[in-house]
Amino acid sequence: MSTLALALSRRWESLLVILLVAFIVLGSSLSPFFLSGSNFSDLTSNLMEKAIMALPLALIIIAGEIDLSVESMLGLASALLGFTYALGWPLWLDIPLVLVAGATGGLLNGLLVTRAGLPSLVVTLGTLALYRGLASVVLGPRSVSGWPQWFTDFGFGDVPGTLIPWPLLVFAVLALAFLFVLNRTWIGRQIYAIGKNKEAARYSGIDVAKMKTFLFILSGVLSALAGVILTARFSSARADNGQGFVLDVVTSVLLGGVNIFGGEGTIVGVVLAIFVIGVLRNGLTLADVSPDTQSVAVGALLILSVAGPTLVRRISAARPRRQLTKPVSNS
Amino acid sequence: MVGRRLETLFPKEHATIGEVALEVRGLARKGVFSDVSFQVRHGEIVGLAGLVGAGRTEVARVLFGIDRADAGEVLVAGKRADINSPKDAMRLGIVYVPEDRHEQGLVLDFSIAANVSLPIVQKLSRLLVVDRAQERRLAADYSKQLQVRSTGVDQTASGLSGGNQQKVVIAKWLATRPTVLLLDEPTQGVDIGAKAEVHRIISQLAAQGMAIVLISSELLEVLGMADRIVVLHEGRVAAEFGRDNASQERIMAAATGHAEA
Amino acid sequence: MRWRRGSQFATAGMAILALVACGGSSGGGGGTTALNIAFLPKAVNNPYFDVAASGGQEAATALSGQFKQVGPSEATGAAQIPFIQTLTQQNVSAIVVSADDPDAIAPALKQAMAKGIKVVGYDSSPAKDARNVFINQADSKGIGVVQVQMVCDEIPGCAGEIAVLSATSTATNQNAWIQAMKDELASNSKYAGLKLVKVAYGNDDPQTSTTEAQALLTSYPNLKGIISPTTVGISAAAQVLKQTGKAGKVQLTGLGTPNLMRAFVKDGTCKEFALWNVKDLGYLAYYTAALLVQGKIKGNPGEKFTAGRLGDYTIDPNGVVLLGPPFVFKADNIDQLNF
Amino acid sequence: MSAQAIDSPSNSALAGRLGLERTLTLVARLREAGILLVLLAVVVIVTIQAPLFFSVSNFEQILLNVSLIAIVAVGQTTVVLTRNVDLSVGSVVGLVAFASGDLLKEHTLGVAGAIAVGCALGLGLGALNGLIVAVARVPAIVATLGTLYVYRGLDFLIAGGKQVSAIDLPHDYLGIASSSVLGIPTLIVAAALIAVVAAYLLRNSGVGRQLYAIGSNPAAAEVVGIPTQRLIFGAFVVCGLCAGVAGVLWGSRFGSVNALAASGLELQVIAAVVVGGVNIFGGSGTVVGAVLGAILLATIENALRILHLSEFWLLAIDGAIILLAVGTDAAIRGYFQRILVRTGRR
């Protein structure tokens, strides 16, 4: 990563830390019950499914593509889990099956984008409808409940003796793994190369199609995992689980500093942005603002997180170019 | 430039011509080029001349695995090779310095070190982690060897001059230790000084035994650098000349389809 | 160089975890005796629940307690969970909830009860062990029987295909009434001629209910009657019958509010429908919650109590309080009630 | 120095493009014929299975369901032509539907006034989309994903849980949906009118042709001096206006409106537009195609109901159709491009 991009992302991340603190202050001023351990525990547990889906989506957008179908894959996974569990199959069989279904959905997205060469925007818009439709075909209006105690405790409960929700542990491990892969490994280096210049990556021997397909599969699997966790938390499998999540997931990636055109972005930024949105929504909820009205704020955040940098870039471009220290003779 | 003897313009070192490194027999791609055959030996520079649109870049893209041939075969060191992707080509020792440096050659936002290591970044990693020290050492060695002028291997490629950028692209492929080097308009859009340095590098590589295919629309460059010249006209081999019996007129005649007998 | 920036993540991450870990349950003891009671209906934009809320407000002013209503915009079961969590955080003294998915909200309600918050079910009961008392507007059997009886009176010869346009498939009250209707149709020979062909779900959303009602008419051309045991469904069905000119040919009955159905009863699209006094339901639910909060009743079976203007009530063996018999609205009595 | 022939890539690309242009409109014609064929096939198959499908009243029911989606599809087509997409149409229809319904309920405005305010509101919301995309240069997918939730959130804010029921609405407003002109329901006539006017303008007016040029090759359009950003802004305004018109008629059609009206409509509209041959890569496709696409989807939905198949398949079919239509688009486009590249060999 070039030094310029690093400086830019570090400045963006410190902006997010300030925003996080600001929203915590806003939250505590809106309601006396905000600053409490149990509230932060609830806030975090409501956030984990979206957070888990934001990680692979960050890699996909850095690689220059997008995946809008994540919330529908979550719904389909929840419906399949309910369907198989209602058949009496044990959970240790249902959960892997559901993750495989997630991988298959991701593979379909990947092949349509890399082999058929279709734009990922339209493909994943199609699968957003397709997977949600399949979920309602699998489970219809039914909801499956009666889950084993350990399963619902995992979804809804905290690690004994603390206020840390179990799903937070899952997310923390995944976040550290993604941070490691993106920053330190050749996979991360290739993802940045593909995002910054797809042609140069291809001409450097990188199998762009295989890498992108892998990322879509990863997104499918983790969306399915999020579906399992949400089913546990709600202790009820439904075809309409996860509806409307795509806004928060895409916003946390773009607010996190990932460039919509690919090539730039860090996991640290995305994780910070996830909690910024989580704290904002929780503060507004405690002030009895309905979730849908909250989406006005989150929707605005999404637009600003993309409009902001482009406007800054255009303003700085418009200013007369100061003489750079080293004359660049690009003859 | 007028009247100066060819040798002073193009520093052509003496290279011992070795075995056939790459042989192309009857290569064809529907509607683009057909029945293209030529050989490149170790230490030899084969110039591919012809007008723009003659299909020279398309041949190189097939040899490097970007496109697939419809007919013909490619032999590397005498053995038949099946090249379906750039990765296959690299494994066979064939590398390609593309015509468009910015679009296909470099990731401008990456540092020199990151660009040089890109094709072999997987090999430079242990347990997935990229060995940054080895990466920087590699980049530093090749920068010194090719005399890349920069503030250091951490400088972003976008800050380099055209000539230095081209050297980084060459360094990037030398790092893979290739046997066959395909060069597509290597000195296009490069200042005079850098052009000479690139030519010096090319002839040094040939001297060290590299088999080189030089695609160039500059007749003087082809005449000055190449040991043998293959001329393409509308996707077909129009003529082939040795270094001594080639001339601007003969090449232009072949390139425009008026070859004598 | 890389790890220095990583440390920034560590500091922010630690800040969150530290707050979460050491916070402990500083939320303080359960609800105090002050009457801070919140209503949580299946969905807020539903006129039926607005009327119940007005009853709750009336009881609140009578007992000088606080009343507020929060809830999701769409009647999907799981959507109520964040609201229950928030009310628990806000330390309300009691939650009066109509469950759209009784099992989904059970864990959250138990967590609230663990903190001393009283939970009263109304209209549609949460899981039995996730509430102190359930206020049932009318016993399910009674509602099922009266609706079958009404559709039979309306259809000439009391024979032919009938269909049900319900709310959501998971609502306990809807399923209980539909089951009661099926049992009544099977057991009572009087209804041998009636055949229930389809149960459609309008999700208590006007638009879905309209398209589902249309679908019933097109898919079953010789349908004789529609029973819609939900205020949103019955008014949507009435609108469709009028628009397609099938009013009078296809009978309509179910549960509806007088204000919504007045025009349709007057023009004969829907001869009669049943309901209960929704306002009283809200009043009784608030009153019972208040008594629980003040400790005047424990919610044990057999306990007797007076609920202000509504008089005396007893809690039956499985913790349910019955509001009263269903009330049948016809053209002649529809003007008396205004809600 | 170098005997390099001047052959800048854009000249040959532009020539190739115009050739491609004629072929793509040919493709659009083929696509429209294609949809009619599929439509005919569906009608025939379903009629065999369930004869009562083939009745004037049922067809009228289908067209009635289609009318509002078709109006929004007309607006969406103008946006997709410029290689953009507007995901917020569902929320615009919902917000306008509730706003105009509420105005009528509180008797602040007569029917004509409410309709005017509704259309103006739609136009304004479309203009805001246009500003974000054309001025702030935010990609349309992100901008309209954001405004989808912003407008829906505003809908909930002003609705505040309230609902506008049939009895609150004036009789002649409700009459619009149930009235008919020369025997044809007014909604269908309105939709047909809007489609015809839009089709005419897009094909024959200068602006219309420029929209096609922007979509097929934005760089070339800029070079030729077409005010791209201003036209893209205009396309979003038209899209907002169409959604506004549909929003105003929504209350009349469904009798009651709450804050959830028309949520999810955007997927149905995009499916109709894409299956109607409007190329997602921009630059080709017609309003007529989009309307035919909407009719095809509505016919399939109606057929599902008649055949008692569970209507849960609907959303899955919408998704599958988007993938199928875009796939065939790409295949056709790739095929023609290969021919053109091959003849004008580089």
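For the reader, a short list of remarks on this structure follows.
As written, the chains take the letters A, B, C and D, and residue 1 is the first residue of each chain.
As a working rule, a residue touches a chain if its C-beta (ideal position, glycine included) is under 8 Å from a C-beta of that chain, and two chains touch if they have at least 3 such contacts.
Nothing here was measured: the structure is a model prediction, and the numbers come from that model.
For the pairs A-B and C-D, the larger set of C-beta contacts lies at A-B. Relative to the centroid of all protein Cα atoms, the closest per-chain Cα centroid is that of A. Subunit A and subunit B have centres, each the mean of its CA atoms, that are 43 Å apart. Subunit A and subunit C have CA centres that are 35 Å apart.
Centre to centre, using the average C-alpha position, subunit A and subunit D are separated by 29 Å.
Annotation for subunit C: residues 44, 73 touch two or more other chains. Those residues of subunit D in touch with two or more other chains are numbered 156, 259. Shown for subunit B are the residues in touch with two or more other chains, of which there are none.
Across the complex, subunit D meets subunit A through its residues 85, 132, 136-139, 141-143, 145-150, 152-157, 259, 267, 270-271, 274, 280-281, 310, 312-320, 322-323, 326-327, 330, 334.
Listing the residues of subunit A that touch subunit D in their complex gives 66, 68, 112, 116-119, 121-123, 125-134, 136-137, 140, 239, 244, 246-247, 250-251, 254, 260-261, 290, 292-300, 302-303, 306-307, 310-311, 314.
Interface of subunit C with subunit A (complex): residues 2, 5-6, 8-9, 12-13, 16-17, 19-27, 44, 68, 70, 72-73, 76-79, 81-82, 85-86, 89-91, 101, 103-104, 106-108, 111, 168-170, 201, 203. On the side of subunit A, the complex with subunit C involves touching residues 6, 9-10, 13-14, 17, 20, 31, 33, 36-42, 44, 46, 140-143, 145-146, 152, 156, 162-164, 168, 172, 179, 183-184, 230, 233-236, 238, 240-241, 243, 266-268, 271-272, 275, 285-286, 288, 290-292. The touching residues of subunit C, counted against subunit D in their complex, run 44-47, 50, 73-74, 205-207, 210-211, 214-215, 218-219, 221, 235-236, 239, 243, 259-260, 262-263.
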